[in-house]
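Before anything else, here is the set of structures, which you'll find just below.
Heads up, the next two complexes both have chain A, just with different partners, chain B and then chain C.
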Partner chain A sequence: MLASGINILFEGQNMARLMSGLAVTIKIALIAVVLSLIFGVIFGIIMTSKNLIVKAVCRFYLEAIRIIPILVWLFLFYFGLTRAMGIHLEGEFISIVVFTMWGTAEMGDIVRGAVTSMPKHQTESGLSLGLTKMQIYRYILVPQTVRRVLPGAINLATRMVKTTSLVVIIGVVEVLKVGQQIIEGGILNTPAAPLWVYGFIFFLYFILCYPISIVAKRLEAKWQS
Partner chain B sequence: MKKFSRILVVLAVLSMAMGLMTGCGNKKSEKSDNQSSVEQIKKNGKIKVGVFSDKPPFGYVDKNGKNQGYDVVLAHRLAKDLLGDENKVEFVLVEAASRVEFLQSNKVDVILANFTVTDERKEVVDYALPYMKVSLGVVSPNGKVITDVKQLKGKKLIVNKGTTAETYFTQKYPDIELLKYDQNTEAFNALKDGRGAALAHDNTLVYAWARENKGFTTGIKSLGEHDFIAPAVKKGNDDLKSWIDDEITKLTKEGFFEKDYKKTLLPVYGKTVEADTVIMNEKELKEYK
Partner chain C sequence: MDWLFIERNIPLYIEATKLTLGIGALGVVLSVMIGFLCSMVRYYRVPVLNRVVGIYIELSRNTPLLIQLFFLYYGLPKIGIKLNAFVIAVIGLTFLGASYMSEAFRGGLEAVNKIQEESGLSIGLTKPQLMRYIILPQALAIAMPSVGANVIFLLKETSVFSAIALADLMFVAKDLIGMYYKTNEALFMLVVAYLIILLPISVIFSVLERKARYAGFGN
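Showing the complex of A and B:
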């Protein structure tokens, strides 16, 4: 009875549908994570600025992203943009934009934390050697902060992968929604479907997130030696 | 001081959000650019219909990835009568929580997503004439079938929290003891375990469940006031609304919904249910007006 539920994964186009849903998840997560890492480092360095206005603007951005839930951002960009300005953008594109905004803010804060935790003498030594500010960042601060940033960044990346399930609210059908469609479609004749479909999706998320952890562990081990 | 700056940030964000909202409000009053008028849809060559993707038998995606269900059949017919081809319809998959937004931002022309007519919703969207009605049904185990509400006195009735069933029985029959659950599955399992004498829920759902679970019968098929399910268009889109009104009247006369019922709902509800407990007849449609 329970085992019969597994067939639902292979009925019709179900497996292909799950895979294309997974492709959507990966596409949104991957692009957003990569962009967040790049912009996050830049944003983080800007945040360490001593200029009050720059500081205030950064702070405002960070708090705005943190206080307002991702779901609301998705709504604001997908529906709000259209209503306010008549611009129609694809849900997938909006998802990538919103996730990148979120990732950049969080990543920036992680980078800022790491940079300011660097002992002052590191910068001062660089200055005394006659290095420019850019050079200090390029050769002294960034290489060291990357190591401190890593655990937080990995945590953020896996969180972003899992949070992609929210994008269904703006009509983007990702892997979890496909799963729900399959479950609901078979609810009357395959009562065991939820177990198998969710089990399979759990497995998919796992193979998505686990490699990230492995790479992180390897890097940490490498840098420690 | 730090707390103060945090409050300032919150206020700033809020005012920004408000600005955005009021911006939307202003835009809405310009009715001249109706992007979903009948003429515009004809120009586009397709009608954008918001449907559910996981609510069988009304709107769902089948195992081959195709949209199916009672609402979907109606959508195809609207496309056929408006544009001459039943495939000139673009399905936009919506969630219950974002149905209104999809309409208001012109991302769909019409919503056919099992959208129940309520007074609150009438404030934000315009409903055309209904194409379905729902009321409460009561299901109970064979052998002890409840066919009248009076039989429930002194017995326990299972309902879901926050549903019309809960409100109805709390107001009309306060002397019936209610067992309340959050999830549909919990409630139905409680009935199976014999924790209550019967279970009350939307009659459509109750039919479907009783058919798949042998040993249970829907003794009371229609109880309380009817709720209506109707196509919704953007507020102020009278052009499309009146076209759909005429269409629904025509289709009801023609018996289209009976065919739709037989095709999509009958296999789920079974023969024990008469179609007219769910679909509208001409008289009811007139009275609704």
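Showing the complex of A and C:
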């Protein structure tokens, strides 16, 4: 009876529904990751500023995002912001905003670390060779910074994919919610449904994240020097 | 902001904070212990176990805690394993945390210079002595910042336990919003409660990190 529970995954439209739920998960993660990469690079460069006020503001933003759990941020925006502004915002939109804020902060810190760890003599050697400022960025600084940023950025991406599982709590219909619906629909005929459905979603997340973290690990090993 | 409402509901938050801290502390301690064992298994490349630990680490690091909890809480009873929510929460947090801790310790162990090991052996230390007096003190100092980051990460992850019906901070906040529609007050207290838990820990670890830096040798 237990093994037959696996059938619930293939009954009717169930598999297609799970996949469309997964698509929502991937969509949120993808948009948030891309936006975080763009804003994160900008934020990281701003963070390298020597202006004390700019530095303090950036630091505050980063620490505030880091110290408060993402789920709390989701609640703050989903319940707090909509209440304060008197409008209803979709959970999906809210989650993209929150994940982008978080990703921007984390990505910014990675970029800042990479930029500030670049030895000064790299720029100076470039200048003494007679390169222009643009050329120094194009051929010397950016390629080296990218190497230092990329493994961390990819790790961040897997973390963001994993964290998208939280959006179910603010009412977004993604893979986990679809899973719950399927379980509720089939629990009478298949009591073992939760085991199989949640097990399957567990597996889905794994095959989503594992390749990305392998890439990060490879890059790290290859560029470590 | 309705301060009276806040004052009246502080006891609820205190109870929830205790629960969050209880699960968090148990989870962190177990994670550190199991994580340390796992890192030892990987360091000495214990046959078979090394493989098992490797698979466990990949599984746990590449799946979200929420899904792990759902699987444990709703799935396992179907094959006759019934545990209460508190135990599930601790097991879930440990399952997630031990792999992160193991990676942190492994990073520390691998960063210890090979010369240290060889010098130790050449002055006649036994393998356990080498580990106890030479490698571990240095490895732990190096691993300290990542262990600290993991502790904070794990405490933040406790926020998902409301999903398996534990009356933690998120649960209380959601309840108050649902019952009284006091959104601002409930969210305000939620943030304050998390700050009270996490800020001191964050400060403690940054102090420890600065101290541990002195322990570095040869670099």
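Here, the second predicted complex is superposed on the first by the 189 of 225 C-alpha atoms of A that agree within 3 Å, B and C clash if a C-alpha of one lies under 4 Å from a C-alpha of the other, contacts with A are read in each partner's own complex, and residues count from 1 in each chain.
Throughout what follows, a contact is a pair of C-beta atoms (placed from the backbone, for glycine too) under 8 Å apart; a residue touches a chain by one contact, two chains touch by 3 or more.
Keep in mind that what you see is a predicted model, and the values were worked out from it rather than measured.
Applying the stated contact rule after C-alpha superposition, one finds that A:Ile68 touches each of chain B and chain C. When the shared chain is aligned, chain C comes close enough to touch A:Tyr210, but chain B does not. Contacts of A:Tyr139 after superposition on the shared chain: neither chain B nor chain C is touched.
Of the two partner chains placed around the shared chain by superposition, chain C is the only one that A:Leu195 touches, whereas chain B remains out of contact.
In the superposed pair of complexes, A:Arg17 makes contact with chain B only, with no contact to chain C. In the superposed pair of complexes, A:Gly185 makes contact with chain B only, with no contact to chain C. Of the two partner chains, chain B is the only one touched by A:Lys177; chain C is not. Once chain A of one complex is fitted onto chain A of the other, the partner contacts of A:Phe60 are limited to chain B, with no touch recorded for chain C. When the two structures are aligned on the shared chain, A:Trp223 is found in touch with neither chain B nor chain C. Put simply, chain A uses residues 67-68, 75-76, 79-80, 83-84, 168-169, 183 to touch chain B in one complex and chain C in the other. Contacts from chain A toward chain C in the complex involve residues 2, 5, 66-72, 75-76, 79-80, 83-84, 158, 162-166, 168-169, 176, 183, 191-192, 194-196, 198-199, 201-202, 205-206, 209-210, 213. Put simply, chain C touches chain A in their complex at residues 58-59, 61-64, 66-68, 70-71, 74-76, 78-79, 152, 156-157, 159-160, 162-163, 170, 173-174, 177, 183-184, 186-187, 190-191, 194-195, 198-199, 202. Contacts from chain A toward chain B in the complex involve residues 11-14, 16-17, 59-60, 63-64, 67-68, 75-76, 78-80, 82-84, 86, 88, 168-171, 173, 177, 180-189.
Residues 5-6, 9-10, 12-13, 16-17, 20-21, 23-24, 27-28, 53-56, 60-65, 92-95, 97-98, 101-102, 104-107, 208, 211-212, 268 of chain B are the ones that touch chain A when the two sit in their complex.
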